[in-house]
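In the two complexes below, chain A is the common chain; its partner is chain B in one and chain C in the other.
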Partner chain A sequence: MTGSATAASAGTQGDNRGYWKRNQRGLAPWIFLAPGMAMFSLYVIYPIIASMWLSFYDWDGLGAKTWLGFQNYTELFDDDAFYTSLKNNIIWLALYMLAVPAGLFVALFLNQTVTGIRIYKSLFFFPFVISQVVVGLIFSWFYAPNFGLFYNLIEWITGTGVAVLADDRYVTYGIIAAGLWPQIAYCMILYLTGLNNVAPDQVEAARLDGARGWKMLWHVILPQLRPATFIAVVVTVIGALRSFDLVSIMTDGGPYGSSRVLSFYMYEQALSEYGYRMGYGAAIAVILFAIMMIFISGFIWKMVRDERGV
Partner chain B sequence: MFPVAIDKTSAATQILYRIALPVALILWLLPLLGVAMTSLKPSSDLASGNYFGLPSYLAFSNYADVFRNSPIAGYILNSFKVTIPTVIGAVAIACLSGFALAVYRFRMNLLIFFLFVAGNFVPFQILMVPVRDLTVSTGLYNTITGLALFHIAFQSGFCTLFMRNFIKGLPFELIESARVEGVSEFRIFWYIVLPLMRPAIAALSVLVFTFIWNDYFWATVLTTSAETQPVTAGLYSLNGQWIAQWQLVSAGSIIAAMPPVLMFFLMQKHFIAGLTLGATKG
Partner chain C sequence: MKLSHTSALLCSAAIALMATQAMAQQRTLKYYADFDPAPLAAFEAAILEFEAANPDIDVVLQNFDHEGYKTSIRNFLSADSPDLANWYAGNRMAPFVNSGQFQDVSDVWTDNNLGESLASAKGSMTIDGKQWGVPYTYYQWGIYYNKDAYKQAGVEVPATWAEFIDNCAKFKEAGIDCVTTGTKALWPGAGIFDYMNLRTNGYDFHMELTAGKVAWTDDKVKNTFAEWAKLVEPGYVTANHAALEWQDAASLLVQGKAANYVMGNFAVAVFKDGGMTNDTLGFMTYPEITPGIPRGEEAPTDTIHIPAGAKNVDDAKKFLAFIATADVQTKLNEALGQLPINNQSKVGDDPFLQAGFEMLSTADGGIAQFFDRDAPAEMAKIGMEGFQEFMVKPENVDKILDRLEKARQRIYK
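Now for the complex of A and B:
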């Protein structure tokens, strides 16, 4: 591919303008693609392959690499921390999906034309614009024992406060709640635009036929919102499996590693003060990649089908 | 319109809706409001247990303290130094590759397109070790250039998807008739398509600005010192130093969140157009 790009730029040098003239439509796309493909291959495609290869080695990031074969993987399957992380990833994925219906609900609530609604919409969207680091700090404060708003609320209701982020029973749920906040906002904005594009005549026709409320939503509105739902599901699944920032900011994986997720555990193994186990980290990353590939291929498959259909 | 327009419902529902709106908004933004309020409380308020009441006076000095006693101004500057070149680089690359994938029919078109799309979804961790290694070996580790280069490359995936879909929506006859006139492919790109891409460029720039400003993972992987770290990573280390000084943590958080928030409110139309353009056509 790069070969044809260089051939093409040689062609522009002028000596045989005829060749360029004749072939420019075949060569031009490769010239236009060259910078993007070069950068993307170097920083995305190559690293994926290199990580897979590295997962068969023992490497501290500096010295020589030692071939281990599948040893990193066999160690992984015996590693309790790995299973904790995997379990938490599944909880993340399941609960994060709540952002989709919740976002739809908020969008339906805000899909009106009263005065000032635009400001309401943008303020509801606000959490998505803020960095996850800030969201994490905000929720740490919200959950903080003794003076946090949430802590006091629970104390007021049940009599004893719960230090969510220090309790291994609740910590993952606490972090997920923080993650849901911006994610719901994201899904909401997708649905608000989707609702904007719903064909009004179909809604009116269904209304004349007596459809209302849930029935209308299920049979008339939701089918028309399918593109928005697709994107909302994609970004939510990817967001759930990519969760790293909030875990790092709010608990650093604790207490006792109980809030780790695969992405965080990988980072911890490969780069943190616990040591530079690049090969082992790479093996964790490969597992996470494999899990995500299941979803990514599904999405791509659907997109290819839509693309062919057009 | 669904649900039923509120002014077609009973008076009671209308009143209820008008009350529910601000109440819901306050509940929704409660954590944020709490932090904003905390950032304006003098430390004596927190020491005496005034956590939820109004500040006894507005202590803007917290903000001054954050700027005076921490390198946050430097962190913010670093964030700009990473974010602005990334926006320019990624959007420029995406204009080119998006054009190539939208306008030309060739055998590997769809394959390359979906490679960009799929690459955009992979977990960061599968890239982490080799990218860090690459950055170290080119001497760009712990530099703003190294971080920005990676961001440009990675964002070009999403941006290409976005641009390609946008250009697909443009009238193809424009390009056809220019070709008939004998206009070269580069001139078609520069004089015909690029001017039409202005709204997409605006939307994408705002979006990428927010993504990169808010990046935390790559900032921690590729930079280590206060001279190079952007504000997200900086805030993490400041949080470690300011243990239990929540008025400072809050003020720092608000400062760090400001630029993308301002960007969002100033360019709101473009921002939402950006999110949904990538969305409804993706």
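Now for the complex of A and C:
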């Protein structure tokens, strides 16, 4: 702001200088931004527009494209598999949020000075470090009928085992439980760094005023953790919406498509062995993008508001 | 300075000359494939033989993993095309043929009289009256069974569907799964459907159904599912099959916890790795359901094609003709543990191969490729999900068939 103002005033003072000299301060930021903007438009903006454009076509990825208009969308809104995926996405969003409070409590629990606390912290962080594929495999074995730990445990308690990943009633919850394991670790690490920055004098003052336990947490600690909470919510929402790897590894969308989420359905339609309906996949991508946009706009709106200091 | 400059020039000219000479001597033939280790070794041996017979051709084989290959073939066919590529027969090659990505190789067939020697696969290699590739192997599907489980339940190997279902009741009493399968990857369930439909309605109807000419809500299809329900509703199929890989189900058969497994012949290696022998593992043709129907069987065929963008078409055709010969197919299939297509080839000593060869050569109905090769990919996916759902919730049959019919009307436009 100040830069362009000075540049403008410099411009009115003397026009005998070269164009670059006159506009240097106004142009410099754009030049510095240019590489980033070029990358952003090429790898983010262009694909978004291209997907939207593609979603009006019927295309198998090889032959000629056929213009369909809104036909892909009308089909989508009459597609049971789409509603299953949408419902699962909503379940994912709601339950994945548990990672935020759970991460907070693990962080509070670990935020103490005991010998070897660093080892415990890293052990708790471990699930986030390992690949989602490994997490998926571990949980698949955990749930596996006949030899899985969880299956045998249920069998021991109730008499009949439940094959979580083969039952359309439980399968999504089973996958979310697997997803929560690393996500809690992620939220925990965010809160642990946040807790490092909690002002000790405020805690001291609150203690003198007689605050302790829940009151201390709610009124003194949590407000100071707001930036950490914000980031934790953002990464969790995004994590829930792009949940793909676990679904792909653990069930491949099954049994009979009941654990699909939108991102997986999009992949299945557009890119999997049995798909190659690029237009239809693009239409799903556009819907998913629209849902994400609701959250992204919310976050951006909040960040802008915070920056303005309102 | 000047001297070294000229010598450098000379030197590079010499290298260029040598390179062109080498090019003239040896034409490369680029071949993309997706072999497992054992077939790969067999193919490498065959390629060496081919190169010995044609010293001016250098075959460069690039091997992909199976799953990756299915995705990458779409990219390399349009971007950087090899001279030869592996694929499958039937409807599975139709998208590439229809979009002009595979070349017509009918001349290879006529010049080498393949119509006679590869007769059994000619139908599945033909689209629009032309042949689009050369098959080198196939393998039978059928029922593999555990002989010990049969002894334990005190039942005989059945000849008809009614006997098979009666046996199932006895297996259930003995605490053995009558039929096992692992449908996590969906396709094992399609094997059961194919046979149910082939035996209930015959090969011709099955082909019409997979080609989208008959409604899924047709009474004949409902009959198939009614017969299938006799197996599913009483719980004769392994519970939780939707969470099992096909290998997991194979271990149930090996352990004697299951009696029968509808599978392809490639599973024999897994059964034998698990400790079964020719004395404990049995093979039978899928039992008759509707009496008098010509017996159709299932035998997926693997093929080699010449992509439209191939640079060395002449040598590629030479290679196809070579792969089609009886001797090469004998050797290849010995290593693959599968059946040669060339009717002059010899079949391995393995009793399961012999049984399969016998079964396929006497199949008077016809030879199907497998559901996901006979039906277009999209229909295959939706269909196989329906079969999986049916085997978990047979009461949903009408809902499933309505869904498949809706998909059929959209896909086969």
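Quick note on the criterion: the second predicted complex is superposed on the first by the 274 of 310 C-alpha atoms of A that agree within 3 Å, B and C clash if a C-alpha of one lies under 4 Å from a C-alpha of the other, contacts with A are read in each partner's own complex, and residues count from 1 in each chain.
Everything that follows uses one rule, which is that contacts are C-beta pairs under 8 Å (C-beta built on N, C-alpha and C of every residue); 3 or more make two chains touch, one makes a residue touch a chain.
This structure is a prediction, so every number in the text was calculated from the model and none was measured.
By the touch criterion defined above, A:69 lies against neither chain B nor chain C after alignment on the C-alpha atoms of chain A.
Comparing chain C and chain B on the residues of chain A they touch gives the larger count to B. Contacts of A:309 after superposition on the shared chain: neither chain B nor chain C is touched. Within the superposed three-chain model, A:80 lies in touch with chain C and out of touch with chain B [touch as defined at top].
Judged by the touch definition given at the top, the superposed model places A:271 against both chain B and chain C. By the document's definition of touching, neither partner reaches A:18: not chain B, not chain C. Within the superposed three-chain model, A:254 lies in touch with chain C and out of touch with chain B [touch as defined at top].
When the two structures are aligned on the shared chain, A:40 is found in touch with chain B, with no touch to chain C.
Of the two partner chains placed by superposition, only chain B is touched by A:114; chain C is not.
Of the two partner chains, neither chain B nor chain C is touched by A:159.
With the contact threshold set out at the top, residues 61, 144, 271 of chain A are in contact with chain B in one structure and with chain C in the other. Considering their complex, residues 1-3, 5-7, 17-18, 20-21, 24-25, 28-32, 34-35, 38, 46, 49, 51-52, 93-94, 96-97, 99-101, 103-104, 106, 108-110, 112, 114-119, 121-134, 149-150, 152-154, 156-157, 160, 179, 184-186, 189, 210, 213-214, 216-217, 220-221, 232, 235-236, 239, 246, 249-250, 253-254, 256-257, 260-261, 264-265, 268, 272, 275-276, 279-280, 282 of chain B touch chain A. Chain A meets chain B in the complex at residues 1, 24-26, 28-30, 32-33, 35-37, 39-40, 42-48, 50-51, 54, 61, 108-109, 111-114, 117, 120, 122-127, 129-134, 137-139, 141-142, 144, 147, 149, 152, 181, 186, 189-190, 193-195, 197-198, 200, 203, 216-217, 220-221, 227-228, 231, 234, 238, 241-242, 244-245, 248-249, 262-263, 266-267, 270-271, 278, 281-282, 284-286, 288-289, 292, 295-296, 299-300, 303-304, 307.
Within the complex, the chain C residues that touch chain A are 67, 70-71, 74, 77-78, 95-96, 98-99, 101, 183-186, 239-244, 248, 372, 377-378, 380-381, 385-386, 388-389, 392, 403, 410.
Contact residues on chain A toward chain C in their complex (touch as defined above): 60-63, 75, 80, 143-146, 163-166, 168, 251-252, 254-257, 268, 271-277.
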